[in-house]
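Handing you this structure, nothing more for now.
Chain IDs A, B, C, D, E and F follow the sequence of writing; residue 1 opens each chain.
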Amino acid sequence: MNRHVVVREIERADPDVIAALGEQGTATVHEAIGARGFAGPELRPIQHGVRLAGSAVTVSSHPGDNLMVHAAVEVCRPGDVLVVTSTAPSTHGGFGELLATSLLARGVRALVTDAGVRDTAELRDLGFAVWSQHVSVQGTVKATPGSVNVPVVLGHQPVAPGDVVCADDDGVVIVARHEAAWALERARERVVREEASRSRLAAGELGLDFYGLRAKLDELGVEYR
Amino acid sequence: MNRHVVVREIERADPDVIAALGEQGTATVHEAIGARGFAGPELRPIQHGVRLAGSAVTVSSHPGDNLMVHAAVEVCRPGDVLVVTSTAPSTHGGFGELLATSLLARGVRALVTDAGVRDTAELRDLGFAVWSQHVSVQGTVKATPGSVNVPVVLGHQPVAPGDVVCADDDGVVIVARHEAAWALERARERVVREEASRSRLAAGELGLDFYGLRAKLDELGVEYR
Amino acid sequence: MNRHVVVREIERADPDVIAALGEQGTATVHEAIGARGFAGPELRPIQHGVRLAGSAVTVSSHPGDNLMVHAAVEVCRPGDVLVVTSTAPSTHGGFGELLATSLLARGVRALVTDAGVRDTAELRDLGFAVWSQHVSVQGTVKATPGSVNVPVVLGHQPVAPGDVVCADDDGVVIVARHEAAWALERARERVVREEASRSRLAAGELGLDFYGLRAKLDELGVEYR
Amino acid sequence: MNRHVVVREIERADPDVIAALGEQGTATVHEAIGARGFAGPELRPIQHGVRLAGSAVTVSSHPGDNLMVHAAVEVCRPGDVLVVTSTAPSTHGGFGELLATSLLARGVRALVTDAGVRDTAELRDLGFAVWSQHVSVQGTVKATPGSVNVPVVLGHQPVAPGDVVCADDDGVVIVARHEAAWALERARERVVREEASRSRLAAGELGLDFYGLRAKLDELGVEYR
Amino acid sequence: MNRHVVVREIERADPDVIAALGEQGTATVHEAIGARGFAGPELRPIQHGVRLAGSAVTVSSHPGDNLMVHAAVEVCRPGDVLVVTSTAPSTHGGFGELLATSLLARGVRALVTDAGVRDTAELRDLGFAVWSQHVSVQGTVKATPGSVNVPVVLGHQPVAPGDVVCADDDGVVIVARHEAAWALERARERVVREEASRSRLAAGELGLDFYGLRAKLDELGVEYR
Amino acid sequence: MNRHVVVREIERADPDVIAALGEQGTATVHEAIGARGFAGPELRPIQHGVRLAGSAVTVSSHPGDNLMVHAAVEVCRPGDVLVVTSTAPSTHGGFGELLATSLLARGVRALVTDAGVRDTAELRDLGFAVWSQHVSVQGTVKATPGSVNVPVVLGHQPVAPGDVVCADDDGVVIVARHEAAWALERARERVVREEASRSRLAAGELGLDFYGLRAKLDELGVEYR
């Protein structure tokens, strides 16, 4: 029951849906699916201006040990995002340029991790995107077993293999695989609504009137002076 | 006594003084007024290279609730800086592109907050400047009353409505409204003094000699070897 | 025994070795010397893309007091890196543009500190590189004695005067002075090995096969599904 | 799909199994089930020396809002443990003496939360046990919807309604409901093994010999001097 | 304007009111005055079970320097609480047994500080109560000027000299001096109301019914299953 | 050079000196030796009221791996204190009741660690004292090499094997082995001085007069009002 496994085959969402989700931005997707899926403000990008989505290949690893990250590379496919979690808090830079080179060769261009990364300048040069909790030169050993493609918790968020990982400058949002198409639809509706709102707000109309908040303020006893 | 209020009219400092303070840099202003006013190292910019000042429109809001931010937009004027504080620690991204669009339409181009923001890529594109404690896609509800233009605490610093908010890459410094002209005068004196110092230091003269510190080291028992 | 001292003369490593170490990158150097020397993930650069090495001139200072930093300037030589530590945690921006100007006049172009810095925009403009734990406008007094060129602890790492400080986007790594030549040799060997690995990985070969990890996974009981 | 729900009826594990798990201690249970289930070192008890287990009634609530905690009371049964999570980090003391009184009246004697509690002196007097991330007098509003008895993430750990919450001075460990009996069996085996180990270690025998670690040290190249 | 001052005489609230506020508990007082005044969850007691109130004698001191704490002792009176703040974050244990002995001789039996304390075992033995952010043996110098009895910020809360400091196991709450009598009245009303609530909740009545929350849940769209 | 070693024999300070240092309290020892040696405010005791000193047996271990702790037990002697450090930050509870039982059998009654411990209730019952940075049930593997009795950094403090570890409710202070006798002498002088001060302060004399601080305040420009 607590045996360590590598699951080779996982189900993924529709590639077109994933690509389209990647263009929406994490804040939009997060709101669209009911304010769920945020991995938390601790996961920060090492680059500016990258916005993407991909299928989660998940890794549950021992802190300070990247053995299972190596095992995960083999089961990645083009368009995947590697999601590396530690079973206890870790700052180790267990991921760097060589692993990125290996992943790029398989069509994977992003990593998300609750631990650390290193070679950040090289990773930016390679165009390999990373969201991590730490930057650290402290490498890892390859000594302890773990699992690939099992359910994990990333920051404050559960992630199942094949879930859609959306990431940009605001952070990382996870969309459940079977909700991906619905999420995209909801996100697009939201973008349309926001576009309309944006025009009105840009023209000087107030959110107070726009969202009908004046009555609410009054009802809540907020007094104007 | 604990009623929630929105104060529509506040007094502001002289616009020319505010504009001139905005050019001095926060470190200079901070020193000029006696090492006071710093909101703390936790408030960081989401952009590089912006230096500005404006009049504080303050918001006291419930964590995870941006109702009062909407109420505040209406009372903002060109040149104001919105100062949003939470009554308890919050990471929520209760401010994003739409609110920025609305504020830009009113001539407001900066936000300072002890909570979080989202749509950071869009905010940078819009040229709307932000200093915040967090970046988070986690949005807010619009359900709980609060106040606009009441005294608040931002980080480690009290802020009254109409105080001058100075901000740049080093962080946020608050100048009391009635001290603004005096602060500018002091800051300018300091810049002149520093310019003189800079020339001498650049020429290789030592601060040890310059500031008369050799005698002090000797008196304090620091021994040269 | 607890007297405060300024040690004027320290031994330094070979300048050519230092310069060459500065080109290797901290992650490479750190691995090369046996995964030692990392000052910890809390020390972050205020700029992107700078990679360098220099001889440590160490400062042990009282929090909120930069008297000893001024004392240290005099004993710096071209190619040195100033290492400023506090005897207790401090966020103070006890270092800014004027001290940088003074150091640049002496051929020093980098600071590493477990406290804070200010004037970050100006420092970037000057081309003076900084790795610090905080950014803060909060300046310091010049009132309390300390020491220059004594052994200190920087983050999680002991530093002796004359040790080689390597720094880049990944952080700060300390190489003991007498190990510098050996470290360079090891780093170069590592770069050669990594170059070979990179080619094979870029061609699609797997680390699993490359590093012989399949047998290890099997021995550790990791099951493939 | 993102509708808020209160699920009245949940399945629970066998009460005898739960009671027996409560006597094992969290460290034992955690190891027994394969080093899984720990909610993380941030969740600390407000009392010393309490060790218990109960069925999780889960609450997903908005930060600074305890409306759903009130809704949860009704669906609690004797022996349950209330698990209150926030959808974003919160320090609010949204739980105090009155809610504890209400829960005690229903046979519930413990709370676990990633936010804060207050009335800690009174809670200790009442014999109501709490593990929380914060202590704060800052109360909450009752304004925002959430859910009761849905899957949540507590610290670093997913919790489903009816899972077994084990807690003591070391923290909080979650056992999946369907694994409870197995976990107890494994924990008991472990206790027996540890009792044997304890006797031998107390008699001076070494873990090095006991666990056969000398060969491992040798194989790993650790040198004795 | 930025001169450092020691204000000898301050106004204090009515001693009977202060004593009575001290018995209410911080959570009650905090709610009674409109959820204001909390100094934040970082200020923790070094003892259990002490509940008190007193008049604030405020100290604004340089980090790592307790010169002004010595100056403050002289202006303290029986029943005062010393409130020591740092102008930048500090962990220093700038307060210990000797200062407590001196304060006890003047009838002061509590300290509240955003920095650190030491001699905690001795302080507990002396019956001197402390709420602090840190415990640290790191002492201080007596070298830098500051002020006594000026407005300060303690954690997240402004404190004026003579304000009433309420403290217990839940933390520290500040009541403005001129609001003290009103706060006591409100707190007593609240205690009466809570006593009534407690009886009903202890008898098994639900807060859901008690506070009329069922209609609210329905209106917010929370669905029962 | 980066080989892992276990050093069996280390030099220790005079046992009588160590015992006497253990009675002084960490704050006294810290001041006595020139405000040096503090391991930092993050290391906290799991018990109240224990004050002791012992010789450091140091362990440098990989995060999440306690193999080297087992190796260290063998080289401990009565009166030693085990000092366990991680090569990167770790919260793991890599030490619990069984290791404590083993150490107690060898006359060791305390552990100091920058990682975590578990079985805290049992450790308190056993009378085994612990100062740690975390409490966590998360155990460790025994897979990675490290070293015993090499120089390490504990919190902010270098520790050499055989150094004297002093610990009490205020935290942990390290005294270099060859300074132990001198430290004791200095500490005793300090205690005598403090005893005299205590009597005078308890009698109501002021530190302001006592330490001659009035002149200093005047010279620093502090104004009385």
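Definition applied: a contact is a pair of C-beta atoms (placed from the backbone, for glycine too) under 8 Å apart; a residue touches a chain by one contact, two chains touch by 3 or more.
Being a predicted model, the structure only gives us computed values, none of them experimental.
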With one step meaning two chains touch, work out the least steps from chain C to chain D. 2
Same or different for chain A and chain B, when you check if over half of the residue numbers at their contact belong to both copies? different
Cα centroid separation between chain C and chain E, in whole Å? 42
Where the centres are mean C-alpha positions, what is the separation of chain B from chain C, in Å? 31
What parts of chain A, by residue number, touch at least two of the other chains? 35, 38, 40-41, 87-89, 91, 136, 138, 144
Inter-chain touch pairs (all): A-B, A-C, A-D, A-F, B-C, B-D, B-E, C-E, C-F, D-E, D-F, E-F
Considering the complex alone, what residue numbers of chain A touch chain D? 1-2, 33-36, 38, 40-41, 87-89, 151, 153, 156-158, 179, 182
Quick check: in the complex, which residue numbers of chain C touch chain B? 3-8, 67-68, 70-71, 73-74, 91, 93, 96-99, 101-102, 104-106, 116, 118-122, 134-139, 142, 144-147
Chain C to chain E touching residues, read off their complex: 62-65, 87-92, 136, 138, 141, 143-144
Provide the residue numbers of chain E that touch chain D in the complex, in ascending order. 25-27, 30-31, 35, 38, 40-41, 44, 48-49, 51, 168-171, 173, 194, 197-198, 201-204, 206-208, 211, 213, 216-217, 220-225
